[in-house]
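Report on the structure given below.
Order of writing sets the chain letters: A, B, C, D and E. Residues in each chain are counted from 1.
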């Protein structure tokens, strides 16, 4: 297992530039929105929660392609199914590695972005925490959608369509935590909810994705 | 040529549900942003231009996968190169068909979305015009990026990264047209600029994409 | 002797057409079974069913005499699969693919004395030629220590010399007790222990 | 007689290795040229160069005696290409693919009397078996009226009967004046007009 | 227990279910029509106009049943999906897919009537309130199930994939339901609350209950109709399906 985990990490390390593109997409989307409006500081601050979380979400959706769609196209599933590891375990390892290479940079960039959008100290802290708790859920939920559309041509768009509604609760809690912090109120309730949904999705997503892959591949 | 064009349209018609997913992605992204903020009508109205254009842009980026990445993976390029049509022409046909099935629905949905975000009559009209002039440019510019990343694994994300900066001018003009209209001012200048960039990108994009494809395929 | 793998009363449909209507197959250790038959009559599908990749509509699969559930219980993967798609990542180096696939099966990354040309290790798998890719996949299968190999058209793409080499390597593996099920349209240089000519109910 | 297609003084590298160092090839109408050689010595690359898909590092290509630029000037596509990837869309029906590919070449969508099993027309190309997909691609090439065919391993995947059929179909086409360049590791049932054994500078 | 499983499997076998559904349908349709007709009459004619909203409130008789059903149908899909995945029961597979169409319809009706109602009440067709938005997300979930079902080529695996998607999306159902409360805990003073728990006179409430029950029966009738069609299509090569088809052919 250790060897497998190291290999998984090295896969991402070998294609680290690809993985960092997730960060780049996040930054570009984050930049696009202020460009589209009159850049008044007040408006920017109000928009900030939605913009940051929206960008994180979309970066994550773009990242799904590298999560395992590409591998599936190359016949990875057969190798995984005939391996000695349970498929959910393999998927879980992959998700963790994926998050480390795509989620973590987004969290860091989100904090920077929040500062750039002129948010307050507690607001920036809320951005950091909510992204830290939220992005793993995004990866986990995304993996289910990616698995469901695994052997479709043009499945990228369908998986985006399937996954975005699932992301909504995460978005709502995440953005509201930021907005509350900005308004000087406590964020514990929102973050607590995000933590719960994180636990739930981490536990269930590998199982659901594995089931989906098997169903779809038959 | 007529036969080819009809075939091109039928390709999209056969997979029309896939093409409509572009519309669905647009709508979902459009939804996400109001969810992230305090839904005060005033704030929503101010955010509207950025939100509508941002969603259009992202829907377009997701659509690139079906534009021709999938086909390339299946060996379409060799067939196109050995056909009797110049590659730029084939790409141009493809882009037009793609726009008809993905861009047009987005324009219509954008108008509806503008109404839902509580925009004024001239604002809604500006949304319609700017999207109508802007979405073809988005497709055209996107095709260049898709071509450049044609034979990369996980190229979806890289092409998103390449294309988003190219989209910025379109976004700025489009959003400013809407914002101007909302503020009760004339939008002709912005729309005129968008028309020019449309012409330019329609003329150049097929040539640039064809050149990129040939370079990348060698 | 109980067979390594056996399937009984196999029925399976694909898109309205019944491919198998009550097929029985036994696979014994040390035996090479060649499946031949016309295009589209279900050879590849049969192989996938035997390897446990798809569940048959009707029929039971037994592994070493016990009903098959999944391959996950064994310490070392008991079977190897070569399908149309190799399962190697085109964008990664041959070496990385090798180590990854070995670790998937709980094996150490040994790479001495295998059938891969040492010059290939640092190259991207996707940059190899058709036959080189095939050979790399086969080399991996060869030193896996698995009890059964399922090979769908292993010889296609290999040049004449390589094809002959692989065939003698298969024979050696069989003599060490490996069971091999291969689908191939080509005539083999040796005569396999058993030939299943599947013309089917198609 | 001027050859249909000729290449002179071909040099080409792939990843630091010189595959060809000054190769000359002529292709005449009505001739079947088989390219054989070990895996990875550049047969597929040679075919791509001849078909004008990649430009050689050094060397000139001439089509009917004139320097080659592109295939776009002719009313009907003069060449057919079968590579590793078929160029048919897996998600679309065989019929749709057929019509699309015909229109790419300026041909009417005729589909009578071709080598495709009529039951396949409505099916998704991706649902066909390996051999069926190969056969569909070959059927398309056969009735295209092109002057040259470039076929990279056309026989792999076909069953014995189909392989024999295709070989006789190639002979018929050659007798009608088509030039055929094929890469194949398999021994053919007939003896081709010319064999280029490419062991290369590899 | 054993008895239970045998019955369960028998009921789950397509021919048995087909016959059962055919027999049951009239018993659903007749009361459904009666309830709906009477409920409409009572609601639109007999019930007094609201002292605040006038006749506009009568939209409630379409809105609320549709909204309730939109949630109910999704929940039932999730249950059926679990059954389909665990016991590989064909009926449940068919139900997941076929219910999605009706569910999407109810959701759309709830949204549209809500918008129609919202215009006079809030002065806008649409506000970005959590209830409304989450209901819209529910519509997208339904559409996602439909799209996934259409996209996957194989019927059986498509249905099972849809079941997984439905189960993963179930989190949205409590969000729709409790959105009113949660939104209030997060943001105070949304103007909707006033309407959520109206103290209704019985003469207004009765027709609502009648209509809700009636539309639920009607829903069951229609989903059974769809399921029968799907089952016949799926099992078209089985003897029982051929027999049914032969019976239906006027010879």
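Structural remarks
What we mean here is this: contacts are C-beta pairs under 8 Å (C-beta built on N, C-alpha and C of every residue); 3 or more make two chains touch, one makes a residue touch a chain.
In this text the structure is predicted, and so the values were computed from the model without any measurement.
In the CA-based superposition of chain A onto chain B, the rotation angle is 180 degrees, rounded to steps of 5. Using CA-based centroids throughout, the chain positioned farthest away from chain E is D.
The pair with more inter-chain C-beta contacts, choosing from B-E and B-D, is B-D. Chain centres here are C-alpha means, and the one lying farthest from chain B is C. Distance between chain centres (mean CA atoms), chain A to chain D: 45 Å.
Look at where the CA atoms of chain D average out and do the same for chain E: the two points lie 56 Å apart.
Chain centres here are Cα averages; for chain B and chain D they lie 37 Å apart.
With touch defined as above, residues shared between interfaces to two or more other chains in chain D number as follows: 84, 89-91, 127. Each of the following residues of chain E touches two or more other chains: 133, 137, 140, 143, 147, 151. Looking at chain B, residues 15, 18, 21, 24, 28, 31, 34-35, 38, 70, 73, 153-154 sit in touch with two or more other chains.
Residues 3-4, 6-8, 10-11, 14-15, 70-71, 73-76, 78-86, 90, 217-218 of chain B touch chain D in their complex.
Here chain D touches chain C in the complex through residues 15, 36-40, 44, 84, 123, 127-132, 135, 153, 156-163, 185-186, going by the rule given at the top. Those residues of chain A that touch chain B in the shared complex are 15, 18, 21-22, 24-25, 28-29, 32-38, 43, 46-47, 49-51, 53-54, 57-58, 61-63, 65-66, 70, 73, 153-154, 156-158, 160-161, 164-165, 167-168, 171-172, 175, 179. Residues 124-129, 133, 136-137, 140, 143, 147, 150-151, 187 of chain E are the ones touching chain B in the complex. By the touch criterion given at the top, residues 51-55, 70-72, 74-77, 79-81, 83-93, 96, 99-106, 108-109 of chain C touch chain A in their complex.
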